[in-house]
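You will see chain A twice below: alongside chain B first, and alongside chain C after that.
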Partner chain A sequence: MIEAFFMAISPSYLFYMTIGVLLGLVVGTLPGLTATMGTALLVPFTFGLPTGEGIAMLGGLYVCAMFSDAIPACLVNTPGTPAAMATGFDGHPMVKQGRGQEAIVAACFGSAIGTVFGAICYLLLAWPMIAIALKFGPPQFFWLGIFALTIIGSLAGDSILKGLAGAAIGIMISCIGISHAAEVNRYTLNIPELRGGVSLVAALIGVFAVPQVLNMILNLKKEEFVAEYKSEPGVILSTIKKVILTPIHNLRSAVIGAFIGILPGAGSPIAAIVSYNEALRWSKDKSQYGKGDIRGVTASEIANNAAAPAAMIPLVTLGVPGSAPAAVIAGALMLRGLNPGPELFATDGSLVYSFGWSLLIAGIVVFFVGMFATPLLTRIIKIPLRVLAPMIMFLAIIGAYAIRNNIFDVYLMLLIGVFVFLVRRIGFHPGPIGLGFILGPIIEPNLVQALYISHAVGVQKVFFSGSVNLILISLSILSVSAVAISKFKSRNKTN
Partner chain B sequence: MKLILKYIQDSDIVTAILSITFAILFYNGTPHDIWDGYTYIDWVFPLLSTFTLAVVGVAFTVISIYKIYNQNIIDDLKVEKSQFESIKDVLVYLGIIFLFLVLLFVLGFWPAAVFFLWTGIFYFSAEKNLKSARVALTFAIIVCAVAWVVFSSGYAFYVPFPSSRVFI
Partner chain C sequence: MKISHLMKGITASVFGAAMLLTGTTANAAWDCKEVTFIVPYSPGGGSDQMARRLQPGLEEALGVSVNIVYKTGGGGAVGFSELHRSKPDGCTISNVVVPNVIISSKGEGVGYKPDDFAYIGMTESSAGTLMVPKDSPYKTIEAFIAGAKEKPGMLTVAGTGGSGADRWAQLAEVLGIEATYVPVSGGVGKMMPMLAGSHVDAAATGANHATKHSGIVDSILIAGSNEVSTLPGVPTEPDWNYVVTWGIMAPPGTPADYVEALNVALNSAASKPEVREALLKGGYVPHIQTVAEVNAFMADEIAKLAD
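Let's look at the complex of A and B:
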């Protein structure tokens, strides 16, 4: 492992990893370009490099995209990738309060903490963690998704019922397309383009970016800028201090992120959502969440970044990628004739460990790049809304199109966007709708698989037995009860 | 008619109508023979969501009936006259987007994008004169040029945007 460390700090490793980080900054900042797309596009460029440098570059891009997706989420309430959806819940209100720099610094520092924690897990705890992950099958993933859904109670705003309705609509729209089991057309209205389903990225841009632009236009007469730009000297140090002063919160977010990261198929978006929900549940003062609480930003960012290196653990231990970008990195290794899995540990251990060290160092590089870029990036809010609104819409159209090179995705994005813009008027929060889009495709395939298994052994045994199932069911009930009790208490207080 | 207009200014009544409409639409999209064999597995998840939405819709219907019965309608969706101008801006901008989606098949993506950005920025300009039109056009061309380098030139990414179907 020491030898691998020296490999990772060699100038060539550091150089290519930093290039990856800088590309990740661009990929994450532009809504619609995901870490998966970025790593996939970068793979051909790594062919000319030695294997170690090549995958360090891909790893650098992946972890930096997990940070930079927070920038549009905070500044214009449009997550750069699905993993940053929860970051915007508090990040954007912070920007509206003139605390834009604080929000981005918190996201950046949180991302660095998460990446370093995830990389340490990769280097030291890969095998014990994977033993726990192996206890997760389709029913457990189903319950994990249900547990993540309980965040609706916290996101829904004044009406839990409207939150529930929003999530149901999101899930129903995510079900459009060819089904998972018998491959039948569902709700496609005989439109061939709908058979491939609704693109998650286009849908999320529709949920967050389009209503945001239309709202900007609606308020153009009252507001000239997103928020007031304030350059505060010393904001970096004071924000870092604020984040450091919540060690338990940080550790909880990192552990949740790393654990969910190693579960194949779950990935950074679900890690960020569960972490945000847990931060809210364990907090003594819940009143500021959703209104610009720095802990909301760090909970999401620490978790989604811890999930990124952790997603590599099942790849190097079992040969099963933990996330879509990890699958691309697996492909890059296979193209070089290397088989990810236990075999790789035995034959090329130094490569496996040097990759872990590179991810850890990438976390530190992300921090410095982010600190350098924050004052520049925050200036986006100095652009007048009459210019910013058409620019965001233009980028939203490019992002929705680029993900599948399909103009139909742009139509869907606009349709969903106008729908969300209208239902916001009647008290629907876009969060639960976005949550439905993200969790629907995670919950359903696992429910389908679990139902097939239940034909052999029974529903009770599949869904309601086993320690992991029971823990997740209990946590879901606890989470729903906690929200119901707190809503009941706050209603009694106002009465 | 006046009474209906009054009712649809209450967000809870509109939520009830919306939820039930969505639930009915999705329920109608579900085949009726799903309980034969294992077909139900394909439909059980969307049906669960549909029923959840229907339950929410029924809950809001009950709330709405209670409100109507007690003459407790809140007109929280009422549009003030001062908001008409802003709503007009939103509708005009949606029109510009629609025009862009048509034009991109006529002119190709990038010329249509220049038009889209230019018209959007110019329409929202505080002063609409030749100078602001020129500034908006310059800005639109610069943004599109940068976007072309990033997305279409192949230096960073290569995204095959729709090309003109008229001027080949």
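Let's look at the complex of A and C:
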């Protein structure tokens, strides 16, 4: 392990990892470019490099994309990758209040903390953590999805019913396509592109970017800019101080991020959502969440970054990647004749550990890159809306197209965007709809598989027994009751 | 204003120069400037790896660059139908997975039939394998059969998607047992942790996956009559028909001489020692086929799965 550390700090490793980080900055900032696509595009460039440097570069991209996706989420309420959806809930209001630099510095520092924590888990706790992760089968994933759904209570604003309806719409749309259980077409309307379902990234761009642009255009007479750009002198130090002053919140977010990241099939987006939900639940002063509470930003960013190194843990312990970018990195290893899995510890142990160290150092590098880039990036809001709106639309269209090189995804994005724009006018919040898109693929297939299993051993045993199930069910009930109680209280107050 | 004109001019010149520079030496049989290789499955997955394994050899043999493009979704249907719509000029190819291409073609509105495509050649195949978790009480197929007979219908077996149900039904009949089938899709990546964590009692998928994950799962039966060298000592079941075959295909109507040229290039790429070694290490059976052989193979497979 020590030998691996020295490998990771050698100049060639640092060089390539930093290139990966810089590329990740671009990939994450452009909505429509995901970490998965970024790493996939980068893989061929790693062929000429020795393996250690190659995967350090890929890891650097992945880790930085998990930070930079917060930038558009905060500035223009459009997550750069699905993992940053929860970051925008508080990040964007902060920008509107003239606290944009604070938001991005918080996201950057949070991302660094999360990455370092996740890398430490990878280096030291891989085996104990994977033992817990193996307890997650279809029923457990189902309850995890339900638990993540309970965040609607906090997001929906005034009408929980509309929040639930929004999430239901999101889940239903995510079910479009070939069913996982049988080759049955669901709502594909005979359109071949829909057989694969609605692309998550195109849908999220549609849910967040398009209504934003439409609002900007409609408000051109009233508002010339996203928000007033205020130069915030000393913001870097003061924000870092603020973040350091919430250590328990930070630790909880990191732990949630690492545990969810390690589950194959869950990943940074779910980690961020659950972390946000928990941060909200445990904080004494909930009033500012959704309105610009810095803890909303750090909860999401610490978690989605901790999930990235954690997603590598199942890869090196079970041979199964924990997230899509991890799958790409696994593919890169396999192309070099390596078999990621428990045997890799025996044959190439130093590679396994040096990768972990590279991720840890990448977290620190991301911090410095972010600090440099923040003042420049926040200046984006100085661009007047009449220029910014078309720019965002342009990027949204390119982004939606780039996912599968399919113009159909662009049409879908626009369709969903117009729909969300219209329903916002009648009180629907886009958050629950986005949530439905992300959670649908977790809840539905796992529910179906768990039901199949229960044909053999009974519903009671499958869904309602086992410590993980019971913990998740209790957490969900707690989460829902907390919201119900607080709504009840506030209604009584106004009476 | 002047600066923007200057920028336009520079951009145009850069594009022009780039286009000039990407002209390449043409192959005598066809004049593609580059080849687009559509991968109908996710990056990092088996088809992606196959494409990347073959890429260097293909580029060498064809003399042009081969660009991998992902068109995922629908269990391969999106990529296959994309190929179906592509120009048959020999410049676009894709992975083909049998029987996926045949089964997915039966879906409504999918836009292709498996006999439409111009097949270039199959490169590898993998036999179906029944696996159990490392700590399973059923360490051999006999033990599994006995366990299933003790509690009919109570053991769970995971397989891929809807077609996996038919393959399991066939094996269940051969073994004379009843167990509950659990369809898993979204890649075998979900199946392995499910099995390793004992959320299902067994799983059936290709020997390549069994080989790759032999650290966390044990194999107890192989479909077909041939043993798999990477799974020593695992018995075979000739009455269980479960083979997955991978290869390359071109759009419908691709002229015969282009198909022939691509076949030659494919076989040269697939014969490279590092590719063969990777396949053997991975639990695959490598294949080299002529165009006549692949067409006969496909006709056979399509007939097997005809309604």
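Keep in mind that, in the parts below, the second predicted complex is superposed on the first by the 495 of 495 C-alpha atoms of A that agree within 3 Å, B and C clash if a C-alpha of one lies under 4 Å from a C-alpha of the other, contacts with A are read in each partner's own complex, and residues count from 1 in each chain.
One rule holds in what follows: a contact is a pair of C-beta atoms (placed from the backbone, for glycine too) under 8 Å apart; a residue touches a chain by one contact, two chains touch by 3 or more.
Since the model is a prediction, treat every value here as computed from it, not as a measurement.
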Partner chain(s) touched by A:V320 [first = chain B, second = chain C, both, neither]: second
Touched partner set for A:I407, first chain B, second chain C, both or neither: first
Chain B versus chain C as contact partner of A:G145, first or second or both or neither: neither
Touched partner set for A:P390, first chain B, second chain C, both or neither: first
Touched partner set for A:N339, first chain B, second chain C, both or neither: second
Chain B versus chain C as contact partner of A:L164, first or second or both or neither: first
Partner chain in contact with A:Y452 - chain B first, chain C second, else both or neither: both
Partner chain(s) touched by A:G434 [first = chain B, second = chain C, both, neither]: neither
Contacts on chain A seen with chain B and repeated with chain C across the two complexes: 180-182, 184, 405, 448, 452, 455
Chain B-touching residues of chain A, taken from the complex the two chains share: 26, 33, 41, 161-162, 164-165, 168-169, 171-172, 175, 179-182, 184, 186-187, 189, 214, 217-221, 385-387, 389-391, 393-395, 397-398, 401-402, 405, 407, 410-411, 414, 418, 423, 425-428, 436, 440, 443-444, 447-448, 451-452, 455
Footprint of chain A on chain C - complex, ascending: 42-45, 48-49, 52-53, 69-75, 77-78, 81, 103-104, 106-111, 153-156, 161-163, 165, 179-186, 189-190, 192-194, 196-197, 199-200, 212-213, 215-216, 274, 277-278, 281
Interfacial residue positions of chain B with respect to chain A in the complex: 11, 14-15, 18-19, 22, 26, 29, 38-39, 41-46, 49-50, 52-53, 56-57, 59-60, 77, 85-87, 89-90, 93-94, 97, 100-101, 104, 113, 116-117, 120-121, 124-126, 139, 143, 147, 150-151, 156-157, 159-162
Residues of chain A that touch chain C when the two form their complex: 36-37, 39-40, 43-44, 133-139, 177-178, 180-185, 188, 190-193, 195-197, 264-265, 314, 318-321, 324, 327-332, 334-335, 337, 339, 341-343, 404-406, 441, 445, 448-449, 452-453, 455-457
